[in-house]
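Shared chain: subunit A. Partners: subunit B in the first complex, subunit C in the second.
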Partner chain A sequence: MASFLLRRLVNHAVLVVVAASLAYLLAAAALKPRANFEDRTPRPPAAVVEAELTRLNLNDRTPLADRYRVWATGVLHGDFGRTWQGSPVNDELWRRLQVSLRLLVLGAVAGFALGVLLGAWAAMKRHRMPDRLITLGSYLLLAVPVFVLAMLLQTAAKQVNDVTGLQVFEWVGESSPGAADGTFGALGGLGDRVRHLLLPTATIALAQLALYSRYQRSMMLDVLDADFVRTARAKGLRRRDALLRHGLRTALIPMCTYFAYTSGLLLLGAMFTEKVFGWHGLGEWLIDSITRGDANVVAAVDCFAAVAVLLAGLVSDVLYGVLDPRVRVGAR
Partner chain B sequence: MTVPEPVPPPVLHPAAEPVLEPAAEPVLEIADLHVTYAPGVRAVRGVGFAVRRGEVLGVVGESGSGKTALALATLGLLPESARVRGSVRLRGRELLGRSDAELSRVRGKDLAMVFQDPLSALTPVHQIGDQIAETIRVHAGATRGAARARAVELMELVGIPGAARVARGYPHELSGGMRQRVMIAMAIANDPLAIVADEPTTALDVTVQEQVLEVLRVAKEATGAAIVLITHDLGVVAGFADRVMVMYAGRAVESGPVGEVYRRPRMPYTIGLMRSLPRLDGGAARALPMEGAPATTGCPFAPRCPVVLPACARGEPPPAPVGPAGHVAACVNTAATERQDRVFPDPEPVLRSPRPPRHERPPVLEVTGLVKHHPRYRGTLYKRRVGAVRAVDGISLDVRAGETLGLVGESGCGKTSALMEILRLGTPQQGRITVFGQDTAALTAARRKALRRDLQVVFQDPFASLDPRMRVAAILTEPLTTHGVRKALIPGRVQELLKLVGLEPEHASRYPQDLSGGQRQRVGIARALALEPRLLLLDEPVAALDVSVQAGVTELLEELQARMGLAYLFVAHDLAVVRQIADRVAVMYHGRIVEIGSVDAVYEAPAHPYTRALLDAVPYPDPERERRRRRTPLAGDPPDPSAPPEGCRFRPRCPRHAGLDGEQRRLCAEIDPVLRAAPGGQDQRAACHYPQGETPWWKSP
Partner chain C sequence: MNRRTRAGLALLAALFLLAFAGPLLSPWGWDDTDFAAFRAPPSAEHWFGTTQSGHDVFALTLRGMRRSLLIGLLVAVLSTGLAALVGTVAGFCGGWPDRALTFGVDLLLVLPSFLVVAVLSPVLPGGWPMLVLLLAGFMWMVTARMVRAMTISLKEREYVLAARFLGVSAPRVIARHILPHLASLLAVDAALNVSVAILAESGLSYFGFGVRPPDTSLGTVVADARGSTTAYPWLFGFAAGLLVLIVLAVNLLGDGLRDALDPATRRTMP
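What follows is the complex of A and B.
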């Protein structure tokens, strides 16, 4: 297994280099940071503009190859350059990654777990009321764009807050300033953060579980009449136990691959949620940087996305090996 | 995980007491059972039987006769949409109508089941030991450790070598025979009162079937359970069952003691079934008009019955006693069925125009030293070759005009690989293939395409080998247009082909799914014949068909050969079918041909111990003879094709090797035998250092 993973890691490293380089070249060629200076009043002197752009390695008058060389040398030393504002990209990337993770982990895990359970339940109750309701609900969720869903949740939360007269839900930012200084100290700070998390987590979980439940339902339908489930029942397991212990366990295997890749992509894909709820995560940063023409940030985030997706692939390989004895190599 | 060491004969569990007290009370009693699937499909219609402790009831019938529905209904495992009524009593307790929770306390404890396909019937992701242990834990509430230990004991009981190690393995690491042993271990884990075995040996090779039946016998003796053995194989029932019940269209049409029913079958369907079996001793099989759908009113067998009376249409005949010891048959015209040969007379031999002797006929296919190896790779960053799967490892054979060569062997012996390699018409890895005098390695693309007209193939599975989206006419037209037959001629040719294979003109507009298995295989044969080939490669053409349908297709093949002078290369695992259809036979083992010669010579006096073992393992559909049969099951599984043993490849499983002295054994261990003329045989060669022409068991008095 270890050598298999090593081989995969080497392959993936090559892929990351290619993906990151292409991302940089595209961003550097297409984005025009010079325009930012031209809009300023008063317009800065040409020499200053040139110097500033060159300092940030964003000068479109420098040949692309040279800029790429500078950028690549920096990246090899673990430095993604500077943002438009002049601060190091690395620090900001790290900070925003943590924000994104705080926002996403709960939602992604809850979405997966609930989606799998609902999908499995729907399959077991095929064509009956629970199945119909779950199917209807998941189609509804799939049909609603994430930002609409987020807005709807906000509206509903506002109603709840108004009716109860309490601030049960919060929907702007990660925390309220000064929450940790209240009567309950650090505990109050935590509570405040949880209140801020509720809505965005629900948004992400709902969007995810709709997809997962559809996939899981069809996976589960495949094993519903499987011979080994019948064997399990012939051994004396009830239908529900046989389906959970033997059916669901087998039907979960393909789902894990799907989960791993989705999670890798989710890091960037949560930009709507971040925007709507005012979380300053990676997705939001990418969008803002593109409008600003900040090629270094765009390249860094893309590079990070490539790493995330390929790591997800690696994780899915490991999970597959753990869950499915049939693919383990060198088992004999 | 392959298990190379030979399997020791199963040992009775020390705790097992001698059982079989003369308990007359039936353990499992089924009465007037009806199973109806959702849209009015009546799978089982009023079936009843009773099995006593230690007794084996064989249930036979063709596909769709309701055997499996009966088994599932007994255990309450039918799909939820199915409706069941009647009565299923286990030791007098009614099981029908109980909840899943109540039934789950009975299933796997008092009433166990062994399923057909042991690969799909075991959960792929759980360890084997855990799967057996689960059966124990569900019912006995034993601790995990104790249950695991008991599981290993059970695995030893059913003859799994290295049980403790195998218990930590997964189902895909085991061979088919070993998986079926695991299924049996699971079934007997809680000393059940009754075991229902649904086609337990159908997917297995004859040699492995023999071993598994032996295990089932041991299991029966260890637990004293009553066994309901469901199968389509009359040979298996003859040797294993005490009583037999024949099912047709969801009804039990005949039942009674095995000896009685086999000797004097009284229902025309049973008679037909018996007589349509190809016999290992060369007795002719009688093809039945066995492809009518069951009638919906009256006796369901009437449309196919040769002794049908007007009274047969007047409602289903009730079972009536026709012999001693509870022999009953559901037939109106029992007067006519007193003489079997009057119902289905012996077939007239297929009229063959006299063939010139073999050496005067030109060879249509010559294979010399053919090799097909699949390389195996291993390694992390770079791959290196670590040996090869020797699928075909140097075989030579020839087929002459107008004759049939049968190619037989266990699964994995390389027979299909050899056929595919010939069909490719390419350059073999080693050796030469000459088709109609042309070396396939030297063919141009145009010549190769032209040659394909003369060489066609029929595949095993008529359900998978026809495109479900094409009508029969389109299937038959495709080869014609591919080879540039003029459009105007095609419709006529399609009709001609349908007639040739015994189908009706209106079948042309049907889709494959609207045809029965036999009809589909006829379409497959018609497609192969479309271009008037001279050589047909047949890959298990009847293996997927019911016995009665098999006989019809085999007869068709014989007839076509006689009329059109076709040559066949007939790949099969069923030795009886090969005996019936082939002129010569080649026995393959481990990528090699170990014996080749005329069918009569090889079957009457097999020189190679492997041929002998294969013939010995075929169950014979005659209870008396079947019980007398030498039971010397071939030890072990078919070998790992990537690691042939030194010297003779058959040595590790060879029964003859055991009887040799040290000096003689050295020859086997060191020198790989080549094909040599067998003693006494004219057209018979065997690759054995100590060939003996032995009289097969069915010849001995």
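What follows is the complex of A and C.
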């Protein structure tokens, strides 16, 4: 197992280096932040713009190879360079990561748990009403782009707010300014944050749920007629107990590894949700930076995302070995 | 044909009919301006309402829908075709062509496709056809791997060996003896790629990296309504609904086809 993991780790490290380098080269070659400086009022002298761009390593008149060398040296020392406004990318990356995680952890876990439950239930009620409804629902959800889902939730929330006359739902940002200074103090601030979390979390959870429930349903159907479930029934367990205790556990193994793997992708996948709901997380930063031509930020976020995806892949490999004894024996 | 395939086909046919014959039903063209109705809600005159500048949302939405459907179909055909070409050549030839192509596939898989398309598409000239090329260029790799693996096993079958030993040229063996065997896999792949492509296009367009004005797609129609979602839901609701219906129809069709063609999944699916 250890040598297998080590080999995977080296393989992944090479891939991350290649992916990050390519992302930087692409971003640096295609994005031109020069206009951001030249469009300032009053228009700065050309020499000043030139010096500033060179200082930030964003000058498109410096050969690409030279810029790459400076960038790569920085990254090797743990420094992703500076944004076009001159602040360090590292600090902002760290801050935004926390914002993204606050949103994602809850949504991903809720989506996974609900998806597994619904999928398992659908498989147990195969071809009957609950199964048909869940299948139809997940088909519909899978066809809805995330940004449409988010906008629909916003519209619905507006209706609810109008009907009840209360500000039940919030859909802009992470918190309202001054919420913590109200009559309820810190408690009011917490409630305000929860209300802001509700809709974006629901968006992420719903999008995940559809995928997981389909997957879990077919996993569960595979074990439904398996010999070990029949054995459990034969020794006297009720169908529900046999399925939950023996069937679901087995079907959960591939689901956990799948969950670990998808979580890596989710970091950037939340960009639609973040954009629609005005959360200043990593995904939103990436989109805004592409629009602004901020090459260092694009490369940094992408490098980070590549690491996340490959780490998640590694975790899912390890999880598989830990959860499924058959794989462990096979690996030796 | 199972029920799912039929439902998907019927829905898709209806949507195509709406997209291409719909403009005949409405007196408003997509570039007409109604100076009597700005941001008017849906009515008998304007079925889907009007935009801020008095354009008919029905006409705009159908125009975007035609573009989205076209992009989806073209991307699917291109990417599946490319996957078939690369996969069969790599699998059949083996040796250095195989190693080179496999390396290329792995490299492209590592690149974050969304980022590449988002960064490149505004810079490159060529409008939406360039977007089609970019999307297709980043969608074929996984299928190519599957095709390659299947080709390697097909290559050793007796009838393929017979053809090769009779001196039939490699392109001909691939076209006449290997590709027909992969047809069902490729058909399902192409069908599902349509929905992936439409979703990718609308997502990119939503951020302004895909189809750009004056061109329209369902994604740009939805994106234009971004600031006024809650106040004027008709600006994006109909386009969003049609987008969902297209993807739903294509997914039903693709999954239905897969079940019909693959005996392993038929057992468990309704």
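One rule holds for everything that comes next: the second predicted complex is superposed on the first by the 311 of 332 C-alpha atoms of A that agree within 3 Å, B and C clash if a C-alpha of one lies under 4 Å from a C-alpha of the other, contacts with A are read in each partner's own complex, and residues count from 1 in each chain.
Here, a residue touches a chain if its C-beta (ideal position, glycine included) is under 8 Å from a C-beta of that chain, and two chains touch if they have at least 3 such contacts.
What you are looking at is a predicted structure, and each value in this text was computed from that prediction instead of being measured.
In the overlay built on the shared chain, the residue A:23 is in contact with subunit C alone; subunit B does not reach it. By the touch criterion defined above, A:41 reaches neither subunit B nor subunit C. In the overlay built on the shared chain, the residue A:268 is in contact with subunit C alone; subunit B does not reach it. In the superposition on chain A, the chain among subunit B and subunit C reaching more residues of subunit A is C.
When the two structures are aligned on the shared chain, A:148 is found in touch with subunit C, with no touch to subunit B. Of all the residues in subunit B, the ones that touch subunit A in their complex are 1, 75, 77, 79, 100-101, 104-109, 112-113, 115, 117, 120-126, 134-135, 138-139, 170, 172-173, 183, 186, 380-381.
Of all residues in subunit A, only 3-4, 6-7, 10, 225-228, 230-239, 245-246, 249-250, 253, 323-326, 331-332 touch subunit B in the complex they form. Within the complex formed with subunit A, the subunit C residues making contact are 107, 110-112, 114-116, 118-120, 123, 195, 199, 202-203, 206-209, 222, 225-226, 229-230, 233, 236-237, 240, 243-245, 247-248, 251-252, 268, 270.
By the touch criterion given at the top, residues 15, 18-19, 22-23, 26-27, 30-31, 127, 131-132, 135, 139-140, 142-148, 151-152, 154-155, 157-158, 171, 218, 221-222, 268, 272, 275-276, 286-287, 290-291, 298, 302, 305-306 of subunit A touch subunit C in their complex.
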